Structures are given as structure tokens and as C-alpha cells.
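Chain naming follows the written order as A, B, C and D, and within any one chain the residues start at number 1.
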Amino acid sequence: MEGQKPNTGVRGNQSEIQVSEPYRAANRKLHPADTVVDVSGVKIGGGHFAVIAGPCSVESEEQILTVAQKVKASGAELLRGGAYKPRTSPYAFQGLHDQGLKLLCKAKQATGLPIVTEIMSLEHLDLFADVDLIQVGARNMQNFELLKQLGRSQKPILLKRGLANTIEEWLMSAEYILAGGNPNVILCERGIRTYETATRNTLDISAVPVIKAKSHLPILIDPSHATGLPWLVEPLSKAAVAVGADGVMIEVHNNPKEALCDGPQSLTPEQFDHVMQSVLSLVQFEQKAM
Amino acid sequence: MEGQKPNTGVRGNQSEIQVSEPYRAANRKLHPADTVVDVSGVKIGGGHFAVIAGPCSVESEEQILTVAQKVKASGAELLRGGAYKPRTSPYAFQGLHDQGLKLLCKAKQATGLPIVTEIMSLEHLDLFADVDLIQVGARNMQNFELLKQLGRSQKPILLKRGLANTIEEWLMSAEYILAGGNPNVILCERGIRTYETATRNTLDISAVPVIKAKSHLPILIDPSHATGLPWLVEPLSKAAVAVGADGVMIEVHNNPKEALCDGPQSLTPEQFDHVMQSVLSLVQFEQKAM
Amino acid sequence: MEGQKPNTGVRGNQSEIQVSEPYRAANRKLHPADTVVDVSGVKIGGGHFAVIAGPCSVESEEQILTVAQKVKASGAELLRGGAYKPRTSPYAFQGLHDQGLKLLCKAKQATGLPIVTEIMSLEHLDLFADVDLIQVGARNMQNFELLKQLGRSQKPILLKRGLANTIEEWLMSAEYILAGGNPNVILCERGIRTYETATRNTLDISAVPVIKAKSHLPILIDPSHATGLPWLVEPLSKAAVAVGADGVMIEVHNNPKEALCDGPQSLTPEQFDHVMQSVLSLVQFEQKAM
Amino acid sequence: MEGQKPNTGVRGNQSEIQVSEPYRAANRKLHPADTVVDVSGVKIGGGHFAVIAGPCSVESEEQILTVAQKVKASGAELLRGGAYKPRTSPYAFQGLHDQGLKLLCKAKQATGLPIVTEIMSLEHLDLFADVDLIQVGARNMQNFELLKQLGRSQKPILLKRGLANTIEEWLMSAEYILAGGNPNVILCERGIRTYETATRNTLDISAVPVIKAKSHLPILIDPSHATGLPWLVEPLSKAAVAVGADGVMIEVHNNPKEALCDGPQSLTPEQFDHVMQSVLSLVQFEQKAM
């Protein structure tokens, strides 16, 4: 993109502004206006609060269709579901792969919800043609070859923060995608690894306003992975609204106890509906206040 | 065990309930009702959102009086100010000591605001007779001899979380005070130490709902120490409201650039006034929603 | 492989032993004997202390040949050099890629030293045919698709520990390779991310005896990346010997000040020679003591 | 003290040297020669490797006498034993207090070993008159009032590193004691808090050569608390020798299974004897090599 400055993503005269940060295309000083990423009609960034919901893994047609309809009814605007799963153990359920992607597409046709799912290898990119928002998981945040490949596409990318990566490293990974020519990057804070064990990870809520100050990119919160505890999803989703996040991503499963992956941290559709009422009411209050 | 059970703080038949946690007096399973601590007329806990504000250190009569009047006008209900300062360096300003305590008392007389200040040694306890809320700082969270001494008093205690202490260790430190016979403990989350350097510490916002689930004790957030950045105080104070904290403690200085301690993270009285409007408006919304 | 148990890598009757750990093929309880990996004639594991040395990046034919000859003269048995470099910034030197691999092969021909270099994408695997030991870097420790691909090869793999990964997660990543059918895995501890900033990372020296107790796989120490400080390479390499590591990997550059990557942490060939004398003398002492 | 420079502890013309570090009295640039602390005849620092051993807590006369005699026979030069114990829980065994100090003195009389024990409050200082080396535990590393008090004494002080304190903060705590006029400070690295759970804490072995470069103070390693696992004491004690530590402190109990505190991490006297042979043999080798 952008003729003679393919590496920096810097447009026009702004390239003459000196910045001390190592990121340029992601830098708000060089690009003051909020980036708004259009995910098949759903705008992420720029004042709208978007909710992504769905199961950790796609398990069956019935499961993904049921969850999709329920979360849509409660107000979710995008459907998440894992087809390729990064599992610590090679013996754990690894996802339904291309079959999972097909089931996601069916759920999309049935509900109209754009779909979000994780890519684990650049070799799979062709299979993701119908995916609306491609997730790069925490473990691949510094898989630079994957980031370069995604930079050559125009697909919206959801870039999760690595387990032990600084905010600056995270923005540098976004920079890989932006500098490659793809401006459609959405960040997602999902908790960092600390010594505390009361929660699965430690949600770094401050990352939201810090990112908003340093960058023009939208940022979401994933309270499900951040804490691993379903009863923390409501307070942390409200905190996400209060600090100015552009949305949340929440795990919802029709039967958490039987889920093949991360069941214990999933909400039931009924719990999700309750959370949504509370969260959307706060969103409304905040928007009036602005 | 132990005859009339002086060590556990467990009252009546509740002592027969079996709990797996090592804390008993602090345990919500044994004491379901929220503890409300009365700090010279200001109730902390139980649904009210309290704001403590003031400078890191008391520096002069003019300074503390000015700040006290301003923060009161903006809606703060308690005045903080350090007289004994725990400084990393022996060559840094160590506080005005007993003189600082006297100036705090003057500010209390002038404004009616109860005062909050940190104790650094059990030898100083007698000097703290007029202090309304005695703070135990993060570095002394496991100074067990100090905790035992405070357990023998009836003074309200503000127990800050240690830099690298788990939530369970924190509750065990509260247990030292409660088991000694002093039920007036308020917890304060002030950020934990992680690898991230964009903020001074990492605010563990999840600690608030986790504490609310595990314990009946009130819990505050200190966004000033958690982040070290004044522009993060507003979003994080709003997050504190959103997750159900019982209040915040905020550093305010009449002249942050000249402050003898932690100036860079202090708000001016004008900035604080702006934060208060935003925070109290959210508090009002949340209380209606309940 | 192995008929009806393709996923576990467990051989013969040992599969009937019950273990509580989630790793089986990597588990010493199921495979008591030390694994010795033959890297083109150099044995790693089983009591021999191996030294890998070379520059962070291959920069030119002269550079890699010079360094290779010098480190060989000092007693190194394998040559390292990066051709594909995982850089935090997309604007930093990314390595000479296939050209770098060719230069490494020239250095191998000239010196006879087997070569070690990092793979960053499974798409590159064919280019690594002449590489003797393929490194998986810390950032890719949980790039599971890459691990699966390497499990289908028989190449020796050097699996570095992720920046914030537990020892158990590390062994599970090794398990991905082993379970795929490739038994040639060597672990490398290179420092973990903590709050301490005096060193680039914190070397977890205890990981060596912990791995030795839990697994039969060889384990090396990388003191250069663990600390980022060249003057710490000698004491930490000696510590590696003292705790029973199977070797070290050390960065050596003919001109650290001009290096295109990680120069400040590299030793000069002269410094490396001094370190080797000290380390090999300790190795000799330890072997006599056994 | 020291006329016009009471706060810095800097002697003579060296005060004119400019240093960028915030510590002066502890700074090797200003005091190049190794400090050697004389603990009732045992020299710590300056090339001698000292071993402190004994139980976590003094439990009875028989216990402490037995352990003292055994560890002396194996080559320990100082006896440790806790009388005031910093326990996370108020309901856990808190030590025998002054009675424990008396039993330590009996063991000292019987064996001639100088004694090391932890102080938890400045109020107890008078009781410690016969203690040869006063330990400040990790939880009190930033109990500045205690440090100031110890700075006014001339007693040798063993200053353990705080659980989450940087090396610089640790040196600043040493500076509190030195600046007060007490030059007899020995540092002790006992593991820092990280996300890893395979060991109780993470031993920061690099801290030894880092401290040696930055400061002239002696530094010991405590492998027992660093790992919480008795079988790691031998390899980590050898690592301590290899990196140039001035000694180790090791927990030994006559009956670890029945110990009132930290039994699981204690060695039996027989295990300790085995460790000592291995460690002292390495010490001898290193001293010849120098």
C-alpha cells in the first residue's frame, strides 16, 4: 500500500512528525482519528459498544445454531466459535477444523451474525475466506510470519494480547499487520499471566485507556478468558464499558458442563441474557453522558 | 478449640460451619452480611460509595488546608495525607512525622473530614489517637507484629494489598486484625507488581468481585498508586464503581509539579473535581439500577 | 507410529503405568533412561556437556566463517546463527533468510560444526533440510501447528521455553513433537519474564533439575538471552554445569558493537575463549566427581 | 555520624565520585573492596564460602541441640532457627519467642556455633542481644522503621530479598542500614514470586553476580525457601558456589515430617551431610581455580 512507504503505513505529510515510539502506523500521534473496523456491517470502534459471543469450540450443528440464535436474541452482534483450537495438550480436543468452519457459516446464514474464529497457521488462510473477523490468539501474538501474511490480506483481524506481552509489544505486533497494508486491526485484552491464582489470568483493565491514548485502534475485553470464572463476566464487562472499551467477547455455551473446551468459564444463554441487560443499560448511560 | 474462641473472631453457632478456606473471621460463608465500618460518621461498605482524597504527603499547613477544602467541595468524604512515608530511599523525604499528624488534625477541624494516614511502626500507635482511619501500607501487609497490635485496638484499619501478595494472603492479613478482636477492617487494592511497565503497577480490578464473593469486608480501589498516571484515575475510578467497589482513594495535590512525593501521579483539585462529577454520576446510575 | 497408540508415543508395556502428569512420551516415569539426541554426530544428553555458539544473526559470509572458526577453536561443538529472525518490530532487520541458511551451510563445510538455526514458519521446513538442529523460539513454543509439523519429521528440535510458560506447558509442547513420532527433542531454558529489570529476563536455573526429575529429555541453558548481559555468561554457564544441564548456547559475535541484532549481549571470540576455559574446567571436575 | 554527610555513609574523598545509582554506601563504585562481615568469628564475604544450617523453627531443647550438633559435624559454621515466625495465618504456630531465643543460646553454648534468627519487630531488639546475626525476613525488607533501628546497632544483619522486590530496591533497603551507621550487612537471595508453580518461588541466581558487580556486600543463597523442595538444595547450592555466592543457608530438621513449620522443604541431617560433601568439594575446586 501507499506507494513508496510500504513498511511504515504512514500516510501523507504525517510521516514527517517525529515520534519516539517504535510503532508508527498504530500510533495515535500520527493518526489521531479513531479507526473504525467494518466487520461485515458491524462497526467496531468509534463509540459503538460491540458484543461478540459464542462457545469456545464449535461442537455440532445443533450446538452452534442454538447458541447463535440465543446470543443474537440477547443482543450480541457477532458470533464466536473455535474450529482450530490451540490446546496445551496434544491429547485434548483440537476442534472440528474445516468442518467447524462450515458449521459457523451455517450459523451465520441462519442468524445473519458475522463470525469470528481463530487461525492457527498461515496455511489455513484460504479456508478462512468466509470468516468475517479472523482471530490471532494470545499464543500466536508474536508469530510474525502469520502476522505478515495477515498484513497482505484485507480481512479484519482480532489480535489478542500475549500472555506475557507488554502493551508496546502488542502494538508492535499490530504494526506488523498494519505495515503490511491491512488497516483492519482490532485489539483484545484477555488477561496477563501473574502470580495470582484466584483468577485464571489477571485482567489488565488499565490497558484499555492506555491503548486509547497511544493508538487509534479499537480494543475489546475478553472477561471469560481473563478470569476463567463465569460469575466475573458481568462485573468485568461493566468495567470494560466504564473504561471506554469498544466491546467485549464472551463465552456462551448451551451446556457448559458438557462443553469440550473451557466449559467452566462459559455462561449459559440465560446468564448471558442477564449480563447483556446489565451491560447494555450501562452502555446507554455512558453514551448519554458523552 | 481455644475455650471461648478468642482467636477466630467467629461468633455463635456459625463456628460449627466447616469452611475449606484458612480465613474464618474474614469469611463470608461464616459472616454473610456486609461489614460496614463507621469511620467517624462516614460509613464504608454496604452500598455507599466513599471517596478518600488528599496529597501523598502532608507538606505544610497551607497545603493540607487548601487541598482539604477543595476535595471536600468536590464531594470527598475523607482526607488522606502521609505523615510517615515509606520511601524506597533513605535519602528521600520521609514525611513530617508528628508535625504532619498535627496538621492533618487542623485540616480535620477546619473541614470536618475524617483523616486517613499510614502507620509504619507499632511504636507510633499512641500518636495516632486522633487519626480516624489508620492505613497499613502495601510494604507492611505482612508485618504481622504490627497487625497483631492493630487487632488489639478498635480503630478502623485500611489494609492495602501487598505488591506481590495473593488475595488469600491479603485476607489472612485481615484475619490477623479480626482475630485479635478488631472488626473494623477495610481492604484497598492498589495494583500488583507484574512485568508490564506502561503503568507503575497493574490494577487487579477482578480482586473487587473476588473479595466480595469470599469476604464480607469492604474494599476500595486506589487508582493513583495502581497506575502512577493521573489521566488513568477517571477511567479506573469508574471501573471501580462498575465492579462494585465500596469507594476509591485518590491523590490530589494543589501543585503536583512541586510535590515532595508522588507528584506526577496526583490530580490537581480542578482535575479531581472533574473526575468526581463523572464518578458520582455513575454511582447514582448504579444505585438506581439496583 | 506404534500401531494402536499413535497419539501417546508410549512404547510397549509401559503404557500400562498410570501417571498423573498430562505428558506421557516426555515423562521420565514412563521412560526412565536419559534421551540422548544425536545431532549429526554430536551427542546431546546423557552426561556430555555440549556448547553451541555463534552470532544472533548470520550477517555475511566473512562474519559467519570467522565466528565459526573461532568458536570451534575454543571448543564449541555446534554453530548457531539466525537466518529468520523473530523481531518485535517489523522495521528491524529480519535476517538474511534462505541466503543466511546457505552461509550457515558454508560455515558447516568449512568447520565441520553442525548448525543450529530457528524456524519461524512451517512453510519454511523444506529449506531447513541441511540444518542439523532446528530451533523453535520462545515466541513459538505454543505454535501448535508448527510443533505438529516438526513431530512428523525426524530432525533434532531445540525447543526453547516460552517467556511466560510453566515447566508443565513446556513439556506439553515437547509432547506435541514426541507424540507426532519425533523423539529428538532438546529443551532450552532461556529466562522467563518477571518484574525484575536488572537482567533482560530471569534465568530459572531450578528448571534444569526439575526437568531432569520429570523428564528424560536433555536440557540446555541460554545465558545470553536469559540475561542480555555478556558479563553474566560465565557465571551462569558455570551454574548450568553445577545444576546438571546438558550444555549451553552462547551468543558470540566478531564485532558485537556492529551486530545487526542483540549485539550488546554477545561475547567477542576472545571473551568466549576465556569463558570456555573456565566452563570446561568445571565440566571436567564434575565428571570426575560422578 | 560522619560530620557533614550524615545521610550517605560515604567515607573520605570517595564522596566526590559521581554515581548514577541511588545507593551510595552500598555502591561498589564508591567502596571497591569486598565487605567482610565478622559474625562472632565467622567471616562472611571475601572469598570464604559459609554455610548456615538449622531448622525453620526452634521447637524444643532436644531438637535444636540435636540439629546443631549434626550440622556442625557436617561442616556448617552457623546455626539458624526461628523463634519469632512470620506466618501467613494467625492460627499457625508462631514460634517459641523468647523461650526459643534461650534454646538457641543453649545450642550455641553447646556447639560454639554463632546463631542466626529472624526479628519481626523493633520492640524485640533488646531480646536479641545474644543473637550473632539478626535476620530481616523477606516480608520486612521494606519495613523501613525496623531497618532504621537496625542501622543504629552494630549487629550483623542478614537482609533477605523481598518476594517481589527488585535488586535496586533491595540495595536501597541495605542502604537504610548502612546509612544509619551499621556496615555489617549480608544479603540473602531466597527466590522471587513469579507465575511458575513447580517451585515455591523462583531462585534468581543471576542476582548473585549482579549484586557482586553493583555492591561490595556479601550475598548468600537460601535454596530451601527459594524452591520449597529438599531435592533441589544440592544442585542449587552448587549453583551458588559456581556463580560466586558467599555462602548458603539451608533448612535442616531432625524429623522433617513432624516439623511445626516448613517441614517438607527441610533436609534430614543425613541428607544435609551428603549435600555438604558435594558442595564443599566444589568450593575447594573453585578456590584452587582462582
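The rule is simple: a contact is a pair of C-beta atoms (placed from the backbone, for glycine too) under 8 Å apart; a residue touches a chain by one contact, two chains touch by 3 or more.
Values in this document were obtained by computation on a predicted structure and should not be read as measured data.
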Ask   = Which chain pair shares more contacting C-beta pairs: B-D, or B-C?
value = B-D
Remark   = Max Cα-centre separation from chain C goes to chain B
Request  = Count the residue numbers both chain A and chain C use at their shared interface, divide by all numbers used there, and answer same if that is over half, different if under half.
outcome  = same
Request  = Quick one: report the Å distance separating chain C from chain D, using the average Cα coordinate of each chain.
outcome  = 35
Task = Report the inter-chain centroid distance for chain B and chain D in whole angstrom, where each centroid is the mean of the CA atoms.
result = 33
Length of the line joining the C-alpha centres of chain B and chain C, rounded to whole Å = 48
Inquiry  = If I count partner chains per residue in chain B, which residues reach a count of at least 2?
reply    = 164, 193-195, 197
Task = Over in the complex, which chain C residues touch chain B? Could you list them?
result = 164, 193-195, 197
Request  = Mind listing the chain C positions that touch chain A in their complex?
outcome  = 7-8, 22, 84, 86-91, 120-123, 139-140, 142-146, 148, 162-165, 169, 172, 175-176, 179-180, 193
Request  = Can you check the complex and tell me which residues of chain C touch chain D?
outcome  = 164, 166-168, 192, 194-199, 202-210, 213, 226-227, 231-232, 235-236, 238-239, 241-244, 278, 281-282, 285, 289
